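Following this line, the structures themselves.
Two complexes follow with chain A in common, the first pairing it with chain B and the second with chain C.
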Partner chain A sequence: MKLAKTFAYIKKDLIEMESVLEDTIKSENDTLHHASLQLLKAGGKRLRPIFVLLASMFGETDKQQIKKVASALELIHMASLVHDDVIDDSNVRRGAPTVKANWDNQIAMLTGDYIFAKALDQFTDIDEPRAHQLLAKTMMELTLGEIEQIKDKYNVDQHLRLYLRRIRRKTALLISSSCQIGAIVSNTTADVERTLFKYGYYIGMSYQIIDDILDFTGTEKELGKPAGSDLIQGNVTLPVLYAMEDVEFKQQLKIVFEQRDSLSKQSYYPIIEYIKQSNAIDRARDLSDAYLKKAYNSLGNLPDNKAKKALEEIANYIGKRKI
Partner chain B sequence: METKQIINKYNQLIHNYIQQEYLNRCIPKPTIEEHKILALYSLVKDKHLHEEYIVSALLVQLALNTHDTINKKSHSNSSKNIKRQQLTVLAGDYYSGIYYHLLAKAKEVKFIKELASAIFEITEKKATLYYSTYSLFDQLLEAYIEVDTAIVNKVARYLQIDKGLDYMNDWLLLHKLIIEYKLVKEEKESFFQLLTTQNCTQVTTLVELEHCIHNKIIQLREKLHNYDQDVSKEIDFLRNMYHQDTKEIVIVNSLLEEGLSK
Partner chain C sequence: MKLAKTFAYIKKDLIEMESVLEDTIKSENDTLHHASLQLLKAGGKRLRPIFVLLASMFGETDKQQIKKVASALELIHMASLVHDDVIDDSNVRRGAPTVKANWDNQIAMLTGDYIFAKALDQFTDIDEPRAHQLLAKTMMELTLGEIEQIKDKYNVDQHLRLYLRRIRRKTALLISSSCQIGAIVSNTTADVERTLFKYGYYIGMSYQIIDDILDFTGTEKELGKPAGSDLIQGNVTLPVLYAMEDVEFKQQLKIVFEQRDSLSKQSYYPIIEYIKQSNAIDRARDLSDAYLKKAYNSLGNLPDNKAKKALEEIANYIGKRKI
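Entry: the complex of A and B
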């Protein structure tokens, strides 16, 4: 909710959306109810709903409908997180125990399926086939991005294009779709809709790159998990890709990956340290900044209003964020 | 269309939809429940977009069944097993995504909603069923079949088919039990075996389970044979398929017949 402070005029909508979220996940089953609520109360930046709300301000807004759309997109994001924690075997998220840690994998799977279904149930109150087609395609791409991530784990022979395609699917598309769906539901012009989609895409790419940087530069307290966790899980992110341009480092990483079943986490520490000391972090930040610049530039096509100003502020926030 | 042709057609269609190179390579091919293909076919065969209805309902079923196979605890240290578990989570999510995509393309927003409500109702019931202890096999079976037939029932109600749903549910249960009976006889593991032997005090061994399933199959066959209530034309189609010759239904095989004649 920190972002909401920078643009008070959607704060009310966001607070109302929070209560829509809470109402939507109410379940007759106590365990599912508590597991979903725990996830909801753990917070989060609510980026996707914010984008839906702001995008809708470029068209004719039906507040009730928009809140449903905004909360449905946040719920889909939440459902994917609870399943991600099973995939990554994570016990902590945002500094709090995950659903799988508090209960078990089966409850986490059921909770994810439950939240996903509740999101769709909510979203189907919107009778706009194009919005459904876009969201459905995005959800399939999101899963394919995650499948690709697993496929590419521990593989040092990767290139930038593969990484960019992965983060586009994994992160950028749900953000760009949030912007575009906000536009579709509020009947903006085709130009505005296209611009908002592009903005969301660039912001999403930058957001994920910064996430990948923070995995190395953040502290355990800030990240809610040890630094370098992604690398230890075998994920070759942008800083790692840049660092691998040093052939000796690449060879060293290859050996560690190959011997991963018999190595401790500590074996990764010199590798993590090397990446932090190299120029890989700065280069990754440069690419993130290039995407942010594209996001800024794309906004030039939009009419001037408070929502446009807010979208600029978000781009600023993303460039500077520490968690 | 012949029973076998119906089953083959939808099996093939589903496998075409879920085709994903890396998933195919790393996790076992999912099993599509043939008796559910037949039940769904009976319900919707005369409707516009019947293919989309059947495929999307089966995809939802497949997604939920796939997620059921995730272990409660992550205790494997082998990279291969970890990867298999990770991809199983994603496979279920992928099948759900395809169901949504298929119906969104067909602009069937109402049917998307219907299946979404089936999913959350099923997950709520599962969260109770999987964490409860039942003293009798019949009690557990009653809760189980409500979950297992929920999607087919949802489709029936969506199409306002209500006469003879009890016949259809017993028919679905019979065929589910036939499959489970076969698995026990062949000493192959199943989620149903795990659930019953862990959550039912009457059934703690596979021998006891085999005995309980056997008795229930006989009981259900008799019940279905003597069913004399009025049914809708859709359920009547299913009934005729069953009465024509049970051997025509692929899943009722000679192994079962041997088992029952003991």
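Entry: the complex of A and C
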């Protein structure tokens, strides 16, 4: 909810959306109820609902409907996080134990399935086939991104293109779809809709790149999980890709990856240190900045209003965020 | 596809639906493509698509749309099977290795997610909010059924009511929803829609009871998995519930469940034998027959046509099926 402070005028909607979220995940089943609630209470920036709400301000909005759409998109994000934690075998997220850590992988899988179904249920009021189509396609892309991430793990011979496609699917499309769906359900012009989709896409790409940078530069307290976790899990992110242009480093990483089953986490520390001190971090930040600039510039065509101002502020905030 | 032989006049639609299914699960991602295709090719009775097609014959049908709906419902069933196999740690289904056996739990989870998303994508053409609502609610109930099944495992102190609620959620509702959605998208009268939903519900209840009986009485070849698998996994099904009315048997089962971690599969054989030779199987069959009778009788109000005849035949077939 950090971002909400920046634009007080959607704060009320966000607070109301939060209670829609809380009502939605209620379940007669104790396990599902507690697992979902734990996830919700662990927080998060509610970035997707914020984009739905802001995008809707460029058209005619039915506030009740928009809050449902906003919460549906957050629920899909939450469900994908629960399944992610199963895949990455993660025990901590946002400083709190994950569903799979507190219960087990099976319960986490079903909790994710349940939250997905709840999200769809929230979405069924929306009488806009295009919004449904976009949501379904985005969910397919999300899964494709996840499966590509598994496939590309521990692979030092991959290129920038593969990384960009992965983060587009894994992160950027759900954010761009949040913007576009907010536009669709409030009947904006086709131009505005296209602009918001593009903006969301650029923001999403930058957002994931910053996430991948913070995995190296953040403290455990800021990240809510140990630094370098992504690398230790075999994820070859943008800073790693840049650092691997040094052939010796690439060879060293390759050996560590190959011997990972017999190595401790500590074996990764020199590699993490190397990346932090190389120019890889700066270069990754440059690419993120380039996306943010595109995001910012894409807004030029939009009518001037408070929502546009907020979207500009977000584009400025994303690059500076520490968590 | 066994049932298709009984009513040749929907055979063409079913074959076409099958190719819709095959086209739908195609994926640019090799793993997803092969995992989904393997599941599709392992067969299945295509019961849910059959019900969609038959139900649609009581109204005005758009054939292309109906085939999409039919395939969407089969995909949801397939996705839930893939996730089931993760939960039950099953390596064999329909005589073929499961996705989790051929790949692993993570890939199986994502394959399920992907097939769910594909199902939704198929469904987005349907401009009937009630159909979307029913589908989302059914998916929630499916997950609730699964999580209840986990919770109730190895619990010898449960009653018939709990079992019936579980199989309603786990099996019956997706079948009744297939019938009802077929009716909704073809604009039948409200009466016909209600009748078809009820029919599907009774059929679904009977179908799961027969499944639970066959787990004891079927051969490994017929079942495509070892007999008694459900019990060995701790699932307390209807025959087990009836058999437990014998207090000594209940005590014996309780001990085996308590000591399961140190026991081999063979320890379950006397228990399985006892159930097979007790009257529990006959009593379970009686309950299934009662549901089938209700299903059959519920059809009385429907206009006479080929579809009604087929639904009657299915009600007769379900009780006699061996696989």
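The rule is simple: the second predicted complex is superposed on the first by the 323 of 323 C-alpha atoms of A that agree within 3 Å, B and C clash if a C-alpha of one lies under 4 Å from a C-alpha of the other, contacts with A are read in each partner's own complex, and residues count from 1 in each chain.
By our rule, a contact is a pair of C-beta atoms (placed from the backbone, for glycine too) under 8 Å apart; a residue touches a chain by one contact, two chains touch by 3 or more.
Computed from a predicted model, the values in this text were never measured in an experiment.
Annotation for the three-chain superposition on chain A: chain B and chain C clash.
Judged by the touch definition given at the top, the superposed model places A:N187 against neither chain B nor chain C.
Within the superposed three-chain model, A:N29 lies in touch with chain B and with chain C [touch as defined at top]. Of the two partner chains, chain B is the only one that A:R260 touches; chain C does not reach it. In the overlay built on the shared chain, the residue A:H83 is in contact with chain B and with chain C.
Contact with neither chain B nor chain C is seen for A:Q252 once the two complexes are overlaid on the shared chain. Residues 27-29, 31-32, 83, 86-87, 105-107, 109-110, 112-114, 116-118, 120-121, 124-125, 127, 129, 132-133, 135-137, 139-140, 142-144, 146-148, 150-151 of chain A touch chain B in one complex and chain C in the other.
For chain A in complex with chain B, the touching residues are 27-29, 31-32, 80, 83, 86-87, 89, 100, 104-107, 109-114, 116-118, 120-121, 124-125, 127, 129, 132-133, 135-137, 139-140, 142-144, 146-148, 150-151, 260-261. Against chain A, the residues of chain B that register as touching in their complex are 20, 22-23, 63-64, 67-68, 70-74, 77-79, 82-83, 85-87, 89-90, 92-94, 96-98, 100-101, 104-105, 107, 109-110, 112-113, 116-117, 119-120, 123-128, 130-131. Note for the complex: chain C touches chain A at residues 27-29, 31-32, 83, 86-87, 105-107, 109-110, 112-114, 116-118, 120-121, 123-125, 127, 129, 132-133, 135-137, 139-140, 142-144, 146-148, 150-151.
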